[in-house]
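Labels run A, B, C, D and E following the written order; every chain starts at residue 1.
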Amino acid sequence: MRKELLNKANFAWLLLSVVSFVVLTILMKVGIIGSYYSITLYNIFINIILAVSLNLVIGVCGQFSLGHAGFMCIGAYCAGIMVKMMPNMTGLVIGVLIGFVLSTIVALIVSIPTLRLKGDYLAIATLGFAEIVRILVQNMEITNGAAGLNGIPKLTTFPLLFVCAVISILVVCNFTHSAPGRACLSIREDEIASEAMGINTTKYKVIAFVIGALLASLAGALFACNFYVIKPDQFTFNKSIDILVMVVFGGMGSMTSSVLAAVAIGIINVVLANFSEIRMIIYGLALVGIMIFKPTGILGTKELSFKKLFDKRKEKSA
Amino acid sequence: MAMLEIKDLHVHYGVIEALKGISLEVNEGEIVALIGANGAGKTTMMQSISGIVKKSAGEINFLNESIMKANPKHIVEMGLTQVPEGRRIFTGMSVYENLMMGAFLRKDKDGIKHDYEKVCEQFPILKERMNQDASTLSGGEQQMLAMGRALMAKPKLLLLDEPSMGLAPILVKEIFNIIEEINKSGTTVLLVEQNAKMALSIAHRAYVLETGKVVMSGTGEELAKSSDVQKAYLGG
Amino acid sequence: STELKEGDTVKIGLNYELSGAVASYGQAEYKGASLAIKQYNANKDSKYKIKAVKMDNKGDASESTSAATKLMTEDGVAFVVGPATSGASIATYPVADQNQVPVISPSATQVDATMNGDSPYEYAFRICFEDSYQGKAMAKFGYENLGKKKAVIINEVSDYGKGLTKVFTQKFEDLGGEVVATESYNAKDTDFAGIITKVKDKGADVLFIAGYYSEAGLIIKQAREAGMDCTILGADGFESEKLAELAGKENLNNCYYSTAYTTVNASDDLTAFVDAYTKEYGEAPNMFSALTYDATNLGLQALEKAGKTGADLQKAIADAKFEGLTGSFTFDKTHSPKKSVLVVNLVDGVQTEAVSVDPNK
Amino acid sequence: MTAFLQQLVNGLSLGSIYALIALGYTMVYGIIKLINFAHGDIYMLGAYCAFLITTYCGLGFIPALLISMVFCGVVGVLIERIAYKPLRHATRITALITAIGVSYVLEYATQYIMGSEVRTYPKLLTSASFHLGPVTITMQQVYIFVITVILMIVLQFIVQKTKMGRAMRAVSVDEDAARLMGIDVDKTISFTFLLGSALAGVAGVLVGIYYNSINPLMGMTPGLKAFIAAVFGGIGSIPGAMIGGLFIGIAETMVTAYGSSLYKDAIVYIILILILILKPAGLLGKNVREKV
Amino acid sequence: MKTILNVKNLTKNFGGLCAVSNVSMTINEGELIGLIGPNGAGKTTLFNLLTGVYEPSSGLIELMDQNKSIQIGGLKPYKITNLGVARTFQNIRLFKSMTVLENVKVAMHKNIRYGTLAAILRLPTYYKEEKWVEEKAEELLKEVGLYSLRNELATNLPYGKQRRLEIARALAIQPKILYLDEPAAGMNPQETKELTELIDHIREKYKLTVILIEHDMSLVMKICERIYVLNYGKMIANGTPEEIKQNEFVVKAYLGEEI
């Protein structure tokens, strides 16, 4: 272990992850979190990965992408197909890796031409790309077309999911708090000025986009191995919007918010499940209401930071 | 009775108090200048008169009518027009259409035509560019367009927010000449300026604003001579 | 499995597409199931009080998994009826096996839907015939009964449409016919002019539409208006009063489709069901509601017979000899019913006769 | 050749519908820079409104059309007032999510009230057709095309030549400056929604009659395609929306005719991406480069 | 004296409008050049051409880089910046919701030698480089007098300080040439005076070549060594402040009679 990593803040983070992991595992083992709620929990963790990765693209880099479901779809199918051929962990790992390669390639193909676009135009273009991905998947032999894949073994375990989520958060946070991350932030703030500061804006947009795509494809793989069945119509632009809602609901640019929003929306879904036909009406009204009364999301850009917390305490005691 | 009368005006942006109880008046036929450093609250002042920002307390009377709660449309109708800071012309519309936007609330066709010709006279460069998209004008041209546009409303009181900002010296002089001309032809003017020297030279009276408060007032000449003003605003 | 006593309140799960793109099937089935439960509770001879617990799965496979889990683990239902679509149904079968709660799918017609590799999911049942079965039946009916040689297929891009197309093509060509063109559309499409213009002059003497009535009705209308007057074949997706409304009665001639449900020569039971349903909901039932009505009753009968939930209930269902509105059947090794396919003939939008076809003979 | 001409006619009538929805889209986007995802659903409401009027009140085509226009216009204005107005100065994404929320509410409230089953119209317009050489054209196709063209011309006139139209353009550039001209910004925006939504209503009614099938989610896909049409033609440009709509309709039909119908949706997105890359401002849009 | 920038027959058309027309100029190392001209003369457009925001319609821009001449016309802005060219903007373009310190750090991007992977994996180079950047950026902020405000968001600074930050940010690029577009616009005389001092100071200290656009003639005449005058896109004069003040074309087109 290197000494830079050994500080109080990192230790606090480690502690927080270990404690939440242990607590959740125990709760599931003793049945306080029953199987239905653990499905919700699994879902929340998959959504955390999706939200955090989209937040990197939208919140940090300022690129309004509506195509996240496309990358999730790629990841899900790569893993699904692989795991059906090789129903064990090795299969999953290979599937995830293939998903990485494929989604990187697609992300590059998508991003290099479209990232020149701005705002809504970019959103619509990425949406278009995701739909093209879905239409291809729908018409391919290997993906079993519209019927999708069934009988996918459930390989997504809680520890695996937890570790993947933590790694995703780490990747995104470490990236954000570094020179490339700052470059992305500056692109979000003012692209022309950013370029005038010597930043190759295309390069950093592509990097952020690719990292986002990789993590989305990881989330897709975990998703595929969690629900037995995947179908192309699970990855329509409605899915992208669901992820976007999490990002905005939490607060753009803040990873803490994305995590909290994924949790909150998971819980809201559980509550709304009792309303069947009218749940989508309530969901719609809730979206409108939240955006009107708290347009910056629940947390805005606030970020939970142990470093700042400790620094503040130090200042106080000093 | 003053044409425009402001008493103890307070304006807040969230928690920030931008205007902290301002009182001033503008009499018919005057040019009144409002000078002050960046962020003193000059633009806020103008916008609250025009009804663009919400006022928290105080009184604003224009032609003996309270306009504290009036909407911008009503204020324009009453004859109070503003040339906003930073030109704010309508890009994507031609120069001609921009001018006509100024006459938006007017119904007198002949009057509009007459004023249009007057504006063309005053700003010959605009006439040359009449059918061009306004976004292709340079900064100075845009400033002239913004003034021409305001004049098309045939205002009784014209608010000018930093008309000389970013203009070439030769143009600054021209703009101030035009302001004087406008005033002479019967329009009362309230002028906000960074360029205190020029502003004081044409103003009948002036107020000095500092962080949301009026700290000094007097005739243009008096203020131009005041040592405090000289030090802070005239670079002397 | 739990022992049940007479008079106990037993919960039944209804896992349906109540919102989303396929909500119309989910809602029709939900109504069918609700009616069956209502009638059961109203019947003095019934052993138990049934309480329905409904969940909306939005037509999404993963939501369906989680809905089924909730019904089985949180609500403790004895069995689940639904979902309507194959994908959403299949997503609940592993959960059913895990929790030992039977799922009866009224309309999961996808090939091998209930199969987990070579053996069926123990707790998964369906009471509809499989797409391959009716696809073959229609191919055979078209080639042999009607003597058609050249077919055009228009199919929905879905497991249902594509599954049917595959078997139909295979069987039709095996028999010696020719499929001259295959075109596809998406669910909820409304404009088929492009497709129809394209296939119109291919010289086909029969058009097979592999999709549901909501689009098939429009295809028929647009095809007939464009002057395509060949025979039209369809599958059970055609079964709805709406078909005639959408296509226009005058366009529904020379049109045949396979179904498990027909009101031609309706039995007394069926007439009673149609009347009760119409009275309850102000609209006529369709095949989906009838199938679900049967599925629910099948489950309820098995429940009474077993007197227990879990493995005993599963066995009672597996061994059931059920007589319903949509036919009498027993389950085969794949937990699918052995039912005969009925092919009905439309004349001016009205079903006139029903012939039974066995594709494998 | 015959087939090609017939397909062209097919494409034109499909495209007219997209164009009609795109006209409203382009106006609303033009003025408040919001992708009004609910626009497609207003089109759906128009179809349902006319359905109720004709089925239960027995009124004919013209009254149904007018009442639907008014109804949709009012709904559009209400949505703007309730949901979008408080967010005028919020970020684009916030507004977009609100629009999506509104869209959900409209779709699912309709589904809840009217049921998810498809509905059919009584016969309102003649389904007669005539032959132009080898090509068959129905009267309904003619009506749709003609109504679309007329509405486009009327709209273009309103926006370019009337005072209200000028006010709309001014507001779209700079709200505060428009206010200083004495323009009632709220009224102008409401008017835009009224107009745009009424057009969507017309589209809904025509589609209901032409295809004879409506359902609560019918607005989603055409809504999206209409937006793409608007982008293709150059957002904010009225003739652009018309051309975009027709082009997309024709492209879709041609892909079906000479390629595979499986990829007809994909082609729409490919066109979108190509146009955005090659001419980001759209076919008729002005290429405004940010001034530095 | 060594030439650092050589512009030959540079032209830029926008549609029918010729914003910069056939402009040539030669800038020597270490000079402080003023660029003046009426509104719309094409000054900002010229800067945009020199920094790559716009592509020239025709003409050459040569930058001397270690005795090599590089043709930079039409290069991407970031490439030109990385050759040692920095600028400020007529309308302030700070990274508004980033802190003052971060604004400066962004500009030091070129000199940071670790990549995305090192950042994600937090390799030792990350810590080493970040420490260096932090120190360097703070040093620079002390220099321009913004150190105490380093953790404020840029948008919260008063206008004059924002201008200063823009200059600090440009300096962080470690440029050879610095373009300032109306740095004194909207400043009162006191602030203008401080700014003038700052420009003088940094120029000495970093051996910069500075080109500035300004309408404030007192500033221009006071500190510029040479002045170029643009009018309607054409270069109409060039010379020392004294020469320019006497030049009759310039007086007519721009200065007016009085000055």
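By our rule, a contact is a pair of C-beta atoms (placed from the backbone, for glycine too) under 8 Å apart; a residue touches a chain by one contact, two chains touch by 3 or more.
Just so we're clear, the structure is a prediction, and the values are computed from it rather than from any experiment.
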Walk from chain A over to chain C along touching chains and report the minimum step count. 1
Chain whose average C-alpha position is farthest from chain B's own: C
Counting only C-alpha atoms to place each centre, which chain is farthest from chain E? C
Centroid from C-alpha atoms only, then distance chain C to chain E, rounded to Å. What do you get? 73
Rounded to the nearest Å, the gap separating the Cα centres of chain B and chain C is 74
Chain centre separation in whole Å, for chain E relative to chain D (CA means): 47
Chain-centre distance (mean CA atoms) for chain B and chain D, in whole Å, is 42
Multi-partner residues in chain C (2 or more other chains touched) are 19-21, 157
Chain A residues touching 2+ other chains are 138-139, 192, 277, 280
Which parts of chain E, given as residue numbers and ranges, touch two or more other chains? 53, 89-90
Complex contact set, residues of chain D against chain B: 163, 166-167, 169-170, 172-174, 176-184, 286, 288, 291
Contact footprint of chain A on chain C as seen in their complex: 18-21, 54-56, 58-62, 65-67, 69-70, 73-74, 86-87, 90-91, 93-94, 98-99, 110, 116-117, 157-159, 161-163
Under the touch definition given earlier, write down the residues of chain B that touch chain D in their complex. 47, 50-52, 71-73, 75-77, 81-82, 84, 88-93, 97, 100-102, 104-105, 133, 135, 149, 153
Which residues of chain D touch chain C in the complex? 3, 6-7, 10-11, 13-14, 108, 111, 115-118, 120, 127, 129, 136, 138, 207, 211-213, 215, 217-218, 220-221, 252-254, 256-257, 260-262, 264-265
Can you tell me which positions in chain E touch chain A when the two form their complex? 51-53, 76-78, 81-82, 86-87, 89, 93-98, 102, 105-107, 109-110, 112, 114-116, 119-122, 124, 126-127, 129-130, 133, 169, 173
